[in-house]
Amino acid sequence: MTKISVSIVNVTSYSGLELLRLLSQHPHFEVKSVTARSAAGQRLYDVFPQFCAGLKRHGGISSGFDPALVITNEPDKVDLAFVCLPHAAAAASVVSLLERGTKVIDLSADFRLRDAAVYQEWYKLAHPAPALLETAAYGLCERYRERIAVATLVANPGCYATAAILGLMPAVAARVIGTDLIIDAKSGLSGAGRSPTLSTHYAEANEDVCAYSLSGHRHLPEISQELMAAALAEGNPLNQPPRITFIPHLVPMTRGLLATCYADLQQDAQGHVLTGAEVRELYETYYAGEPFVHIVDQPPHTKWTYGSNNCFIYPTVDTRTGRLVVISCLDNLVKGASGQAIQNANRLYGLPETCGLSPMSINP
Amino acid sequence: MTKISVSIVNVTSYSGLELLRLLSQHPHFEVKSVTARSAAGQRLYDVFPQFCAGLKRHGGISSGFDPALVITNEPDKVDLAFVCLPHAAAAASVVSLLERGTKVIDLSADFRLRDAAVYQEWYKLAHPAPALLETAAYGLCERYRERIAVATLVANPGCYATAAILGLMPAVAARVIGTDLIIDAKSGLSGAGRSPTLSTHYAEANEDVCAYSLSGHRHLPEISQELMAAALAEGNPLNQPPRITFIPHLVPMTRGLLATCYADLQQDAQGHVLTGAEVRELYETYYAGEPFVHIVDQPPHTKWTYGSNNCFIYPTVDTRTGRLVVISCLDNLVKGASGQAIQNANRLYGLPETCGLSPMSINP
Amino acid sequence: MTKISVSIVNVTSYSGLELLRLLSQHPHFEVKSVTARSAAGQRLYDVFPQFCAGLKRHGGISSGFDPALVITNEPDKVDLAFVCLPHAAAAASVVSLLERGTKVIDLSADFRLRDAAVYQEWYKLAHPAPALLETAAYGLCERYRERIAVATLVANPGCYATAAILGLMPAVAARVIGTDLIIDAKSGLSGAGRSPTLSTHYAEANEDVCAYSLSGHRHLPEISQELMAAALAEGNPLNQPPRITFIPHLVPMTRGLLATCYADLQQDAQGHVLTGAEVRELYETYYAGEPFVHIVDQPPHTKWTYGSNNCFIYPTVDTRTGRLVVISCLDNLVKGASGQAIQNANRLYGLPETCGLSPMSINP
Amino acid sequence: MTKISVSIVNVTSYSGLELLRLLSQHPHFEVKSVTARSAAGQRLYDVFPQFCAGLKRHGGISSGFDPALVITNEPDKVDLAFVCLPHAAAAASVVSLLERGTKVIDLSADFRLRDAAVYQEWYKLAHPAPALLETAAYGLCERYRERIAVATLVANPGCYATAAILGLMPAVAARVIGTDLIIDAKSGLSGAGRSPTLSTHYAEANEDVCAYSLSGHRHLPEISQELMAAALAEGNPLNQPPRITFIPHLVPMTRGLLATCYADLQQDAQGHVLTGAEVRELYETYYAGEPFVHIVDQPPHTKWTYGSNNCFIYPTVDTRTGRLVVISCLDNLVKGASGQAIQNANRLYGLPETCGLSPMSINP
């Protein structure tokens, strides 16, 4: 089978680098083009010396890419591009890629929100390509499997959004909880990107926990949009958007993201409030057959996900208060970014979603 | 002035070790006796080689203690004992210390709950010394300053409880929020104690975040009791206990504890809902003059508290939802344990609460 | 092709767990049996909840193993066993496995030293199976590729030994350095195993560096033996064993091992002392074609090796002193243990050494 | 007693910040002026929010400084200035401070080397103030106690230099070892300063060890100079400079520095080679009475020094090879920088060297 040629736009970002790692093990995609403004003209191994010349073997680093690939300003013509640019810059790149017939998985936020006005509210600029908003599929296979399969543009979800949506969607869609939602999330520092800042400086971030974006993190409208859509899809439309407080925190680790979600259980039409066992069954049914979402029977550890595309979810009822507490965790760079992007790419090309994605995390 | 003689019962615990550090800088207390069953007969520097013989200088390690002190099974006769034993064992020790006229700061949970039935519910054993429950003062100076000053037994609060109570008390007491409370807390691993276990094994705990005690952490009844008491003290008795969901998490750092607290703002008697600025003013007024509680205007970092007795609190209103979010952080071994114990000891002896407690944390 | 059936003896060790991870991606080996005294009767997912039942997909967790596999006391009959027991216990297991015709990769130290007297000196007990010492191949493919291919018992090298031998072998064998060798090694904490101890307790090991085993670490005789053998193989026998000082250190990270090696350059037969460029050429030639050993032109980072079987080596001359300094690094659980074990297993079965071993590390 | 007024020049550096912490506990110095080009006009609590306004108590943050102090471009007139600028910039500041009669502790490298030519060789620029080189005292109290007491300019030693010199000086000065010296040092990341870079970015530096400055670290000539001086002072002049290879490494922790030093024992005039016990006695004698240097009988941990001005030294003989191995460790920001600076300042003003410097580290 001929390989599908792939470009990584902004390969020097962490999601770009993680795509390289994951694609190097993929049997059907081949990285033929990599871009990065700041590193154009250099070879991959100049920027990432761990891909040293000596590492090339078996006709390439595994079969996935050549470590001597020259980084360019603009992507070459390929079948599929993964765009790892910041928002706004991403949209510009996506437009030009689509125009020349390249399919796109966009890892930025530019095409996640369906409503250009909401985008403008949260990103403080007019949407750069509103016409594409309808075309774009939100890249959460657990919800939009069919739509993604026929898309040309996939908007890869945010890391926090993925954890929160997967964690809350079954309960919201079934209306077994109210719409007052609290999401307290903890993320490792790779989520803050590869550009050095004082707050990601080792001596500052080590031995520290802090909350940030208390006036509103940009993954919030994404979570709201998708929870509403999920409820609608189940025939349980919400009367109004959920009332979400979402507070992200940085914790001193490189990878991993854990969302602790809180909501009041509510009576269903029959006046019944779900027990813990029933909630668990609801979740297991909802995600039955999902290759990457796993309902577990104890609080999961982010370490269980290190380097893998898995998301572990632990729904439990705080019987003292009648609240549902859901713990959802994943690797922010894999299921929260590049692994999910490959899962989406697999859909685009009719491959099994698990293709090239090892189920095993690194432990310890 | 003659020094007040002090004993540390179970000095090989982390709170015991931290007491040694803090007391070494204290002008009026002198550690004359240290106990630890597992290390009896050894000298302090045998167990903690960092207190090597060579460290003795100026007639003692600073003026606080002699690193050659022999660890015993039972405390010598002293003026004041800090008890760092696990619950139940602590009560037994406290009883015998009080009987011989020693004042006690108990860092265990044994005398924190006023109701023996609640103790039994949460600790699964009949209270070992219920008669003392009325005598014991809950060692939160910010609330019980006067009571502590005349006590002979002080029950030092739990680390999570301290952060949560200080964070929520002003708002609960003023009834500006409802009684549906969610406390999502993150603690470093020293909070889990000094005994090695798989979950505190470096290779397991590093690069990991997890929630634990989802069926109910034992600091919860303490938080509930004290929030009710605070409301009552302000003339705003709660009709029923607050409905608290409290989920603690372990994060990969040694020290530091951050509690993120969520509650709905509610109308006061005049139908008014507080603005962010008003909430902030409420907090500043409540803690005006407190030497260790600081209301800050940005989300605080646990690193700000490293090694100090400070608690930083950031109250803010999520205007999108009308929720109050309060971030409260401290060093779990200082304000969350041994520093607060010394603050209480200072009260017992009529010293300024800040005596011997440096306001400076270690940064970076 | 029928899969080769494999057993992991003592799967609850970190090297056992790492074998599970790596074998799950191997096209020709299949884990059919796992043992662990302390966990016998449980299923893999009971001990490692990250392999939850839900993870089984595609007819097994990838193709490598079934997460529901029951852990037994003794290995079932398989083609090949990986023995991850402590020394002495390992030898007993190896003997019984060989007797029933199972090939063995022993990850313990029991069959690394060719001389039973040296074993007794360092391990303080008579060798449990001296007759096998001649049979066993030292599992360093870079040296014993041919011997391993025909072995039935492979003694997998120690983690420190692998880094040090690979780092020093080219220079010692070519006699371009003297035999006064200093090896200063730094290892992450997974090298200390999975059993909790005070020194591996998170709050003790975090933010700490220390040296240990200053009276002699057991990987030293292994290094000495193999450097002598390498020199002999090149026709440059040493007159006496090298004079090695080897000091290992623990550093606060989970994985990774870096050895900094020091030796004086010496004149060759022609009175020539190698320049930096010549040393580098010597190393590149020595390891030409090696799939896992890479000579790099800047000091390598342990992070470059995280999760991969690569070893990066940076040889350089300190021109101020005429000393050779070689930095050699690897992942102690992969090239330092389980990855190398699979490289050896591949040789045993005539597979490419790289089979099932991804060249990519996890970054960041 | 009137307080000695003090300025911290470049207070936004880590050594500047650490001076604030340490001086806040000092009974005789008072910080009256702080400078930082990049933060001029702001108050201390603007840059370091942990010194929030609320922290002011007891008429100042402890007695040491006012958190509302305005940061300026140039230091006010004070008795004593601590200069925390980079080299070259430091010299310019020192010259102008001395001219107006301020005593100076310079924490930069500008006045550590006595020979301007050596400075030029290593710092690649002509010395900015060579006339002051003779005036400056090298700020190692353990060697230059008397000279420092009468100095107006003290050159505070480098962090690596302090650990290495203290570790090797007794043996070199007594000529019980040869002059072939290897120093393998490991430092936490605060040693790299407070400016964010890719190599100190959390996600890069975490879980990583690497060597750096292999072509020559600038602390090397300092070590060489002082070891020669120490030998001369003991009447054992070296015929030529020692042959030192010094390789620093970064390890993933915030504070702490450990130097492992290697040298061959050699015969003394009587043909005697020291035993381990004799070496130990030599070290104990050499440092008898030193308040901050402690000879210990087991490998020390950097954690023992966290936040304190102590240096722990473990000298031992590798009997297998006849080598001396010395492990020396300290907190790079305290004994390796700001604590040592205060020790020097105490000398300058005739105070006990330990004044204001707690002997206790933070553990865990």
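Every chain is named by a letter (A, B, C and D) in the order it is written, and numbering of its residues begins at 1.
We take it that a residue touches a chain if its C-beta (ideal position, glycine included) is under 8 Å from a C-beta of that chain, and two chains touch if they have at least 3 such contacts.
Owing to the predicted nature of the structure, the values given are computational and were not obtained by experimental measurement.
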item	value
Neighbouring chains shared between chain A and chain B, ordered by label	C, D
Far-end chain from chain C, centres as C-alpha averages	B
Interface with more contacting C-beta pairs, comparing A-C to B-C	A-C
Centre distance in Å when chain A and chain C are each reduced to the mean of their C-alpha atoms	36
Separation of chain B from chain C, taking each centre as the mean of its C-alpha atoms, in whole Å	46
Interface hub residues of chain D, defined as touching at least two other chains	14, 188, 190, 194, 203, 206-207, 252-255, 300-301, 303, 306, 364
Category of the chain touch graph - line, ring, star, complete, other	complete
Footprint of chain B on chain C - complex, ascending	14, 188-190, 192, 194, 196-198, 200-203, 205-207, 252-254
Partner chain B, residues of chain A touching it in the complex	180, 182, 184, 186, 188, 203-204, 206-212, 214, 216, 243-245, 247, 249, 251-256, 258, 260, 262, 299-303, 306, 316, 318, 320-321, 323, 325, 327, 329, 364
Touching residues on chain B, where the partner in the complex is chain D	14, 17, 20-21, 24-25, 48-50, 52, 54-55, 57-58, 61-62, 190, 194, 207, 254-255, 291, 293-296, 298, 300-301, 303-307, 310, 312, 352, 354, 358-364
